[in-house]
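Just so it is clear, A, B, C and D label the chains in written order, and each chain counts residues from 1 on its own.
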Amino acid sequence: MHKKRNPLKTSPLNKHTILVMSPDMQGLIFKISSILFESHLNIEKNDEFVDKDQNMFFMRTEVSGDLQYDTLLQKLKSILPQNSQIQIIPQTKKSIIIFCTKENHCLGDLLLRYESKELDVNIKAVISNYADLGDLVRKFGIHFVHISHSDITREKHEELILQECAKYEVDYLVLAKYMRILSPNFVQKFEQKIINIHHSFLPAFIGANPYKQAFERGVKIIGATAHFVNNHLDEGPIIAQDVININHTYTWKDMQKAGRDIEKIVFAKAIDLALQNRIFVYGNKTVVF
Amino acid sequence: MHKKRNPLKTSPLNKHTILVMSPDMQGLIFKISSILFESHLNIEKNDEFVDKDQNMFFMRTEVSGDLQYDTLLQKLKSILPQNSQIQIIPQTKKSIIIFCTKENHCLGDLLLRYESKELDVNIKAVISNYADLGDLVRKFGIHFVHISHSDITREKHEELILQECAKYEVDYLVLAKYMRILSPNFVQKFEQKIINIHHSFLPAFIGANPYKQAFERGVKIIGATAHFVNNHLDEGPIIAQDVININHTYTWKDMQKAGRDIEKIVFAKAIDLALQNRIFVYGNKTVVF
Amino acid sequence: MHKKRNPLKTSPLNKHTILVMSPDMQGLIFKISSILFESHLNIEKNDEFVDKDQNMFFMRTEVSGDLQYDTLLQKLKSILPQNSQIQIIPQTKKSIIIFCTKENHCLGDLLLRYESKELDVNIKAVISNYADLGDLVRKFGIHFVHISHSDITREKHEELILQECAKYEVDYLVLAKYMRILSPNFVQKFEQKIINIHHSFLPAFIGANPYKQAFERGVKIIGATAHFVNNHLDEGPIIAQDVININHTYTWKDMQKAGRDIEKIVFAKAIDLALQNRIFVYGNKTVVF
Amino acid sequence: MHKKRNPLKTSPLNKHTILVMSPDMQGLIFKISSILFESHLNIEKNDEFVDKDQNMFFMRTEVSGDLQYDTLLQKLKSILPQNSQIQIIPQTKKSIIIFCTKENHCLGDLLLRYESKELDVNIKAVISNYADLGDLVRKFGIHFVHISHSDITREKHEELILQECAKYEVDYLVLAKYMRILSPNFVQKFEQKIINIHHSFLPAFIGANPYKQAFERGVKIIGATAHFVNNHLDEGPIIAQDVININHTYTWKDMQKAGRDIEKIVFAKAIDLALQNRIFVYGNKTVVF
């Protein structure tokens, strides 16, 4: 999986998204846009940002027109600093695998958005360490794989999951309330490719039972955070966050119930941003256009 | 300061707020309301809450009528468990001392609300460890006291502040971006009487420079928290919180600028709640009616 | 439908909710709570509110214990003004019929909450003027009824719907993006029993295509409103509202997509409040506890 | 007033903001950025947007470097369609006149931001139809002009105000809760130069007493809207909006009190955006970068 996309596979609408992350220098916008202009590509949408703190330049451009992948990449490389990252991505449908455990709200929300085509994605499979959500997934005609973690080591469990993942070519693994911590070994195989939803306003309440933690602390607002997974628990780059007001009448069960609504919304939003190639990751942060 | 309010000092409108915090038991609302009824007091507003987790009962009642303080207190005591806390508070104007350092937004906002009588309070003095905000305070005809912390020990500095505070009878000390940590010795003298505004969504980003911390972490939302001060830094009972959305274009200076708006709003709101006797503190939490 | 609940049908947990709406007068809380006390009912949760403007008293009390419906009703009547409204409602599962047209997000969200038992309700049927959502509904094992409006008069169409509704005993009809205006004749049969979700922040953008209206007006925030249906289009009593920020980059299609998220959340919240007997309607307003 | 800024008056930091609003065509970003590049100007910040609906292109660029106003303007004109609008604005401090009536919160908030230099602006004068806020304004050393509307016609009153305004060269008139409707004659003199704060979430509750209207309608959220003034009451292009949750316990006075907090924040934000040249107006809408 995560094989390089075939550059010959052009998008049906002849649309591409070009992502450039580069050390900043004078004239970048001019130089890049001049290459796009002389390549007869029309700019449909353009965003740039310069992080003055890190002296980094970010540019995301949606273009239409007859794009020659190799030629364009070569031209862009010729005018950008050597340590720049350039991506030219056809606007084709992406693929994901969903991981879940027992809670249906984030998973179900994705399935509904998938069915209504609001979320333009192929769901290759849903993998779960419990069988509970199989019925729901099958309702939507999607392949459900139950890989129990009981009676086997964590290593063995992840090995089985990896074997399953290897069957599909996908762009992202999305953890729809998957209540297992992934090992560093697993995570490094999918760098910036695993999106998790954590049920707190990170960095508050890292780890287990954030609603119980929130209840104990007596906060007046609770939140949810979608982030890329790295090897530090709940510390990966944040993609999106949202919050809701609560008050003293909320038990932690009430918080859990109320929290589900923002969890699923934030999670779906983060996945949508990823599918649209709108996220840059650098250091432990994101630039989201 | 913090002398018991004189029970004979009735409010001009003959209005009182009764606060009861008690272990829960059957019939409390009936028993309390029957005493109020037979005392010919009219209930203007009533709120109750039972914390099932702690088995605690909270009741806040605004009454009008000819209230006999000692008699009523005695009657309420007679029907409530011994470890109950009962407060009968006349609706008279409360008094505060404001602490500040160099930033004018929380202080200035309070001064404006004071001048327009939106905030129904006496500001006895403004104490600062810097002279910078003296001009602003004096514009509003309020006593400004500069007590510098330079060249003296923390103990000495707090001693000078305590001496100044001792000159006034006040209900709350409010820390309008007072950038000094108060010692346990100081704090214990004003239990549940010091209201602070912290410029983060606690418990995220405790301590110094929360906006820098937030910038480093790459969060997509920042917040402000008003809380009572206890002896654990930024860990006192939370009164009110609010947040605003930010994105990757915000430097920490931008966050600081944007954050000021929620800091001052949350801070004023928390003070207003305190002045209206709408906050119960128990354990490390608040019940806010 | 809407037959009076059988007072003999006690809830399994022996829990009831008592709703009192009455002209305000002194001693109401005392009088009501004394009846509850002498009836050996335990107050689990209690909320009151007095609308000073209308001189109306509202009280919602959750009680547990061996409740004698007729006796209690009689006692409450005896101490309340004659034009008071008293409801004693067992905490049993309520029933609804869902109406929809072609959009799946509000409907699907309800189905998921139903399946996970987050929404404690019986869905008796889903009625639609189009066949599109039949597959989705049947996935969840719920009866789907397609009643097309083509080639028949509005009167005839509603007659057919009424015939279908008459087959079930339900508490609420909920309009999950049902894109037909119900006639006064229909509405009056279900007073305060029809909950609609309107895709704008009412009273802004009443009527058709609110997102197009919002786009034309150039607003920076869009909203959704759940309300009871009355005979004035989009002017019934508001139950819940929510909003999200947008900006100039949003086409009305983008607004529609973003708006779906708040529509479904607000709609589910309103239904949940209704199912929990937490809404009073008076005049054109609601009191929501 | 509103004389063209002297193009020779360069900003102290040699920074300028270039605003281009033009019919969209291929290559605009390339053409504009090539001119900036060959003029040796460094792009500090760049934003573009294309309104596909109107086929309009918007670009805002902050540049640093030795800018030759006439030359640059000529070059830009040569590559842009004839009906394009080009502005080259030095980053110098702008000037405003504040209008107010009796409420101090929006005015006072601006004065505090002015004093702390958070708002980088010259306040040339504060004009009011009542004398009430004179003391507050003078505290901050700003010229207060009381122009009473009593005993004179609306025309005469506006004539007096115009005479006062004519004494200063200013960029914006900001209406800090100025409770008089300005005549078409007045408004046309300051097209897109008058910023008003309306105390509702427009287009809901246009006109007088929006909080009373909101109370009558029973909404669950109230809002505030900053907008440019045109000749249709409360219908000018919207710059910024914000909302807060309320509930049935709010009287319209409570709404008014709560609303003040968002009014002043939204108003200051809109003014800040204007001072930073971040707003394009077209049709009845804004593009805000």
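Just so it is clear, a contact is a pair of C-beta atoms (placed from the backbone, for glycine too) under 8 Å apart; a residue touches a chain by one contact, two chains touch by 3 or more.
By chain, UniProt protein names: A, B, C, D = Formyltetrahydrofolate deformylase.
From a predicted model like this one, the values you see are computed outputs, not experimental measurements.
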Chain located farthest away, centre of chain B as origin (C-alpha): A
Chain pair showing more contacts of the two, B-C and C-D: C-D
Between chain C and chain B, distance of the C-alpha-averaged centres to the nearest whole Å: 38
Chain centre separation in whole Å, for chain D relative to chain C (CA means): 42
Residues within chain D bordering two or more other chains: none
Chain-level touch network, classified as line, ring, star, complete or other: complete
Complex contacts: residues of chain A adjacent to chain D: 26-27, 29-30, 33-34, 36-37, 42-48, 50, 245
Parts of chain C lying in touch with chain D, wherever the complex brings them together: 49, 51-53, 201-205, 217-221, 223, 237-243, 247-249, 251, 283-288
Contact set on chain B toward chain D in their complex: 103-105, 108-109, 112-113, 115-116, 118, 136, 139-140, 257, 260-261, 265, 268-269
